[in-house]
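In the two complexes that follow, chain A is the common piece, with chain B as its partner first and chain C second.
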Partner chain A sequence: MTHPDFLWRNPDPKPAYDVVIVGGGGHGLATAYYLAKNHGLTNVAVLERGWLAGGNMARNTTIIRSNYLWDESAAIYEHSLKLWEGLSDELDYDLQFSQRGVLNLAHNLGDVREGRRRVNANRLNGVDAEWLDADEVKKFCPIINVSDRARYPVMGATLQRRGGIAKHDHVAWALARQADAYGVDLIQGCEVTGFEITGGRVTAVETSRGRIAAGKVALAAAGHTSVLAERAGIRLPLQSHPLQALVSELLEPVLDCVVMSNAVHVYVSQAHKGELVMGAGIDAYNSYGQRGGVHVIEAQMAAALELFPIFSRARVLRTWAGIVDVSPDASPIIGPTPVDGLYINAGWGTGGFKATPGSGWVYAHTLAHERPHPLAEPFALDRFTTGALIDEHGAAAVAH
Partner chain B sequence: MTYDLVVIGGGPAGVAGALTAARAGLRVALVDSGARLGGQYFRHSAVPGAEPGLGRFLRQGRALGERADVLLRHQAWSAAREPDGTLVVHCVTRSSSAPGGGAGERTVAVRARRLLIATGAYDRPLPFPGWDLPGVLTAGGAQALLKGSGVVAGRRIVVSGTGPFLLPVACGLAGAGARVLGVFEAGVGLGLVRQPLLALDKAGEAVRYAVGLARHRVPYRTRQAVVAAHGEREVEAVTVARLDKAWNVLATRVVECDTVAAGYGFVPQIELGTQLGCETRHDVDGSPVLSVDAAQRTTVPGVWAAGEPTGVGGWRLSELEGRIAGLAIVAGHGTAPRTAPAPSTDAAAGPRGDLTTARAPAPGGDPAAAAGRPGEQEMPGEPEVPGELEMPGELEMPGEPGEPGVPVVPGVLVRRRARWRAFGEALQRAYPVEPGWQGWLRDDTLVCRCEEVPLARVREAQDLGATDARSVKLLARPGMGWCQGRICGYAVSCLAGEPPRPPRRPIAQPVTLGALSESGEASDRAPADDPPPHPNPRRSS
Partner chain C sequence: MLLIDCPSCGPRDENEFHYGGQAGIACPTGDMTDERWAEYVFMRDNPKGWFHERWFHVHGCRTWFTVERHTVTHEIRKPR
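Moving on, here comes the complex of A and B:
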């Protein structure tokens, strides 16, 4: 039996909470959990328009790593990775967290220089990283086509051995179950339609299930954050795009690591059950539709099959898309907003899943102390006016 | 190049729709995954037999082949609209000459201004202990083996399930030499007798099957069903139960056999429609089907549907709906397909709204169709059923309400369709699936065979708080495997206590990554109209 005997209550909303978290995905649930556990705040509601973890939490490719280039990013993602390493025990739930190693392939001299630089930067920040040349890549992952005649020849790769995958549903359920146990109300089918703002301070949210007063309101709605913020009169520098992924039929174990390629815009792993999980780059257009264009995955699978010719006869069972919120520097936005009491945690783009515990940790701290957690400070909204950007387009591994 | 119309499905509905449009001069392509036209009802071997109606269907198929591109062995897995409004149907086809030998899949994209979804339905099985043993087939599967390949599924066969479809399956198997040990109809059976008008119409068929069963001494037992199959490596025996009204087991006995053909109705195949955003409704039996108006239009502009995807009602209804769709498509031909969503008044008008009349005369269409001369539109050999056009009472039926305009679909077809729809709905009411079957399952009975999910895991998910099929799926994984819930979806919905939801499968049929990666550069299947392979005398220059 892989699940505990009880998941969570299904309460009706109370008239008022100290903190209302908008969005019942991974980040919202992790925030609620850490608010209760680290800060003793339990008069908290998580409002979810659909069902818990039915958005990007159910639509990502579950890759976890922390090999980001800049100090600020490496710090927050490494904090997250360290939390992942103890999370199954902490939450008393098998998250199927598997540190099987993540390869980021380099296909040209520019990639090689960038990759080597990233390995050095990671090591300086205490993040494990190795550089593999093409032969070593072949040894580490024998099914990759490293022929120099390929359209995308493999010239090397970075390897983070502590990186890996986890079972996304279990992560959400584990966080939800613990938050619920602390007394947090997880309210599904409750859409936030507006904000009540008095004297520049948010005092309540209007929802499809009535008005709910709130001491603080924390947005955690990924691709729909900018839509919500607009209802509070805030314009965010976010673009929402569909990001597609697919799974194949079940196969015997054939791939025991995660392989990512920025140039090809594809990333592949084999889930515990045996299906290949493959992600594509974002669809170039803005959209809130949770399905993408067939032509996008067509083009990217063509490139993926050059890397993995062995997969060409594997059958695709499902494709889907999530809505990712991409900021101008491909880094998240965490912290207060121009409206007092209204906080934002968004802009994680294509990399939100790996950040789940770390993001929840620093967001909860920020809410509880009403000032940014030190790891969150560099990711304030005002960096887009000060110019202190954290450009992680290279490390995001998916072209934005 | 872009076709005027692409039809998906080569059964009665698809062929009728394609032929109607092709005869009016439209450039038509029809794609079907089978090796021959026919769908399930008219499935036939290389040397067709003399089943009723088959000769007429084959004539239609030949006529279609002379006027349209018929793409057999083409499996459609995606339908999408391109930015310019063109509809593109992605198919895979296997050609023995392809690189890699017989396994080589080739991708083909068929582009058209309009699309007719005539994809039929597939069997709706219910799980029971032992249903995953070799030797357990769906009723449709056993019939398809027989009709398409002349293969008799077993020697000692038990037919079980509910619905009139069991009768032709049993008759066919018995006629082909199998020993059919019984037809076990879980419902009360032949409830149609209570529908005098309908019974009148189908009486001949029912008598034919009754005679067939009697000739081969096949017992027909109602309120009985196969509730378990037994065997080490394959089916050796089944438990047949006598059932109460709710299908709870009253008494059982064991019948030795080597094959079970079981079927509990049909699941309309609507993935391509839902991919395109067509709205759905629940049919009488709860199945999600595509919503269509009186002209068989779905809620997505340029997309029509006919036959089982709009509701199960038998081949005559399917063919009729195909013809009506064809006529409507012809009438609208020449006017630019709308790319904006249809005005909401269209939906509000309902099935009896003003949609049987065109808003403007069809400039490029067939004048005969526009003028509503049904005689001009008769299919070859129609009417074959004597007196069908002169059904008693038909003339007394009220005419279609609506604005004055040019009738697109002759009223006689509309009325006939209403009659056959009523028949289909009466059948669904007469053969409901009762909830007692859930009591046939044991804890270790697999509900989902692909992911090997037993009933206990489903119940466990419900104990955890799953109150709907989606949550059950997340917790226990039924429907996450190869079939993506096509086989087990109905049962899981029933176990979760909710009607089945429309499919959300972006890929209508599993496709290889290789085919998916090639479809971006898939060779277009273009109409070869220079010179036309079969000059169409009716096409105006």
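Moving on, here comes the complex of A and C:
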């Protein structure tokens, strides 16, 4: 038997690159791909301390949607969703992108008002959105318990029909294969341990595999961004938390849409293979431990059973956690830093998988032109000083 | 689940507590600038290692206190 062809080379680092991307998750890989494809920059390395896409990219619950409240967020997430709609063809890889519809449930009057407001805001921004009352929710997703005697009664929901899920591993592999084909070096087992900064400008990264000179350095390290930034003397408004998820054993098809509830901290879909995929809220404390408390999983399953009594006999197969980089306004931070040539793309927190192509697109543009892409501009680091926050706690909260 | 040592009640389960984030963030005094305000409100340490942090025994004696916890092993020790 012969091993099938590898999807990308496994090169040794060269002494110097035009752009060094730190972190080989979804965002790092998408950035490399668009640097090559949109801007012709191929003297680029992605440095990954573990293996490609072994961080949050491999741990998320893959929910994709763009129904965020504010204009700035709607614009960047909708740009991303439009890219998803063509990505399988473009990358010539079946990403199992399935636009099966995403429900965000409302359980109290506050939720109802927030949901309706968001539907209207979405429509004004050209993002598809509908408001469903409880009966319509039941029609769209028959296994939901909409009885008004439930602990958290379903009073309605927003629906984005173009939202859905994709297969995260396929997304990473497809982006990696294409970036590699353009000549980008994807270097695994290479941890960035420090930066060489000369006269306020970054000139190289120090790594577990030696010094690598860099024209520009682009952080795409998700939960570890603060640790890296600190080594460049930069303090950020980010906190790293565990975010847990779980899958059930494989079941017959029973749920054909995505259901999310901010109020009870659960979101669930059924993957193509048949397992129920459920996510929780973050564990409260700061951590880099890639694990969380069982009580968080317990609370999440209690909420799921309230909504879906039919799941009561499904068994949990495994649970896990990723480390997410949470920002004060639940929006990302994209753009230059106080160190010349050092760029940041972080703070996607609990919801950055959906942004993978959009984030890579605007970050690549920002790096290539040395000025923020218009869609990235509002997400600059200085908004925490100017006060121009993009507060997406309503649309993002724990949720995705 | 963490076991957290409340100074008044002794070791209790984590879900009796509310997390308060980094300890020792004092409200700035004197001339305020936007930069100083941003630093106070938003900027936080986020170390991989030992971290001084606040916990609130919300379902107990309602005391706020500081512990030192390791953000990888989750080991807790008296703050030093």
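Here, the second predicted complex is superposed on the first by the 391 of 400 C-alpha atoms of A that agree within 3 Å, B and C clash if a C-alpha of one lies under 4 Å from a C-alpha of the other, contacts with A are read in each partner's own complex, and residues count from 1 in each chain.
Operating definition for what follows: a contact is a pair of C-beta atoms (placed from the backbone, for glycine too) under 8 Å apart; a residue touches a chain by one contact, two chains touch by 3 or more.
This one's a predicted model, so the numbers in the text were calculated from it and none came from an experiment.
Engineer: Touch test for A:His295: chain B only (first), chain C only (second), both, or neither?
Structural biologist: Both chain B and chain C are touched by A:His295.
Engineer: For A:Ala150, decide between first (touching chain B), second (touching chain C), both and neither.
Structural biologist: In the superposition, A:Ala150 contacts neither chain B nor chain C.
Engineer: Applying the document's definition of touch, where does A:Ala304 land relative to chain B and chain C: first, second, both, or neither?
Structural biologist: It touches chain B, and chain C stays clear.
Engineer: Just checking: does A:Ala263 make contact with chain B only, chain C only, both, or neither of them? Give me first, second, both or neither.
Structural biologist: neither
Engineer: Which of the two partners, first being chain B and second being chain C, lies in contact with A:Glu249: first, second, both, or neither?
Structural biologist: first
Engineer: Considering only touches as defined above, state whether A:Gln239 meets chain B (first), chain C (second), both or neither.
Structural biologist: A:Gln239 sits against chain C, while chain B stays out of touch.
Engineer: Contact-wise, after the overlay, does A:Asp169 reach chain B, chain C, both or neither (first, second, both, neither)?
Structural biologist: After superposition on chain A, A:Asp169 lies in contact with chain B alone.
Engineer: Quick check on the superposed pair: does A:Arg318 touch chain B, chain C, both, or neither? Answer first, second, both or neither.
Structural biologist: first
Engineer: For A:Ala16, select first, second, both or neither according to whether it touches chain B, chain C, the two together, or no partner.
Structural biologist: The answer is neither, since A:Ala16 touches no partner chain.
Engineer: Do chain B and chain C touch any of the same residues on chain A, and if so, which?
Structural biologist: 293-295
Engineer: Under the stated contact criterion, what part of chain A meets chain C in this complex?
Structural biologist: 224, 226-227, 230, 235-240, 284-289, 293-295, 328, 384-387
Engineer: Across the complex, what residues on chain C touch chain A?
Structural biologist: 1-2, 13-15, 18-19, 21, 34-35, 37-39, 41-48, 51, 53, 69, 71-74
Engineer: Which of the residues in chain B come into contact with chain A in the complex?
Structural biologist: Per the touch definition, chain B meets chain A at residues 78, 80, 90, 103, 460, 463-465, 470-471, 474-475, 481-482, 484, 505-507, 510-514, 516-521.
Engineer: Would you tell me which residues of chain A are touching chain B in their complex?
Structural biologist: 1, 3, 5-8, 10, 51, 58, 169, 248-250, 278, 291, 293-295, 297-299, 301-305, 311-320
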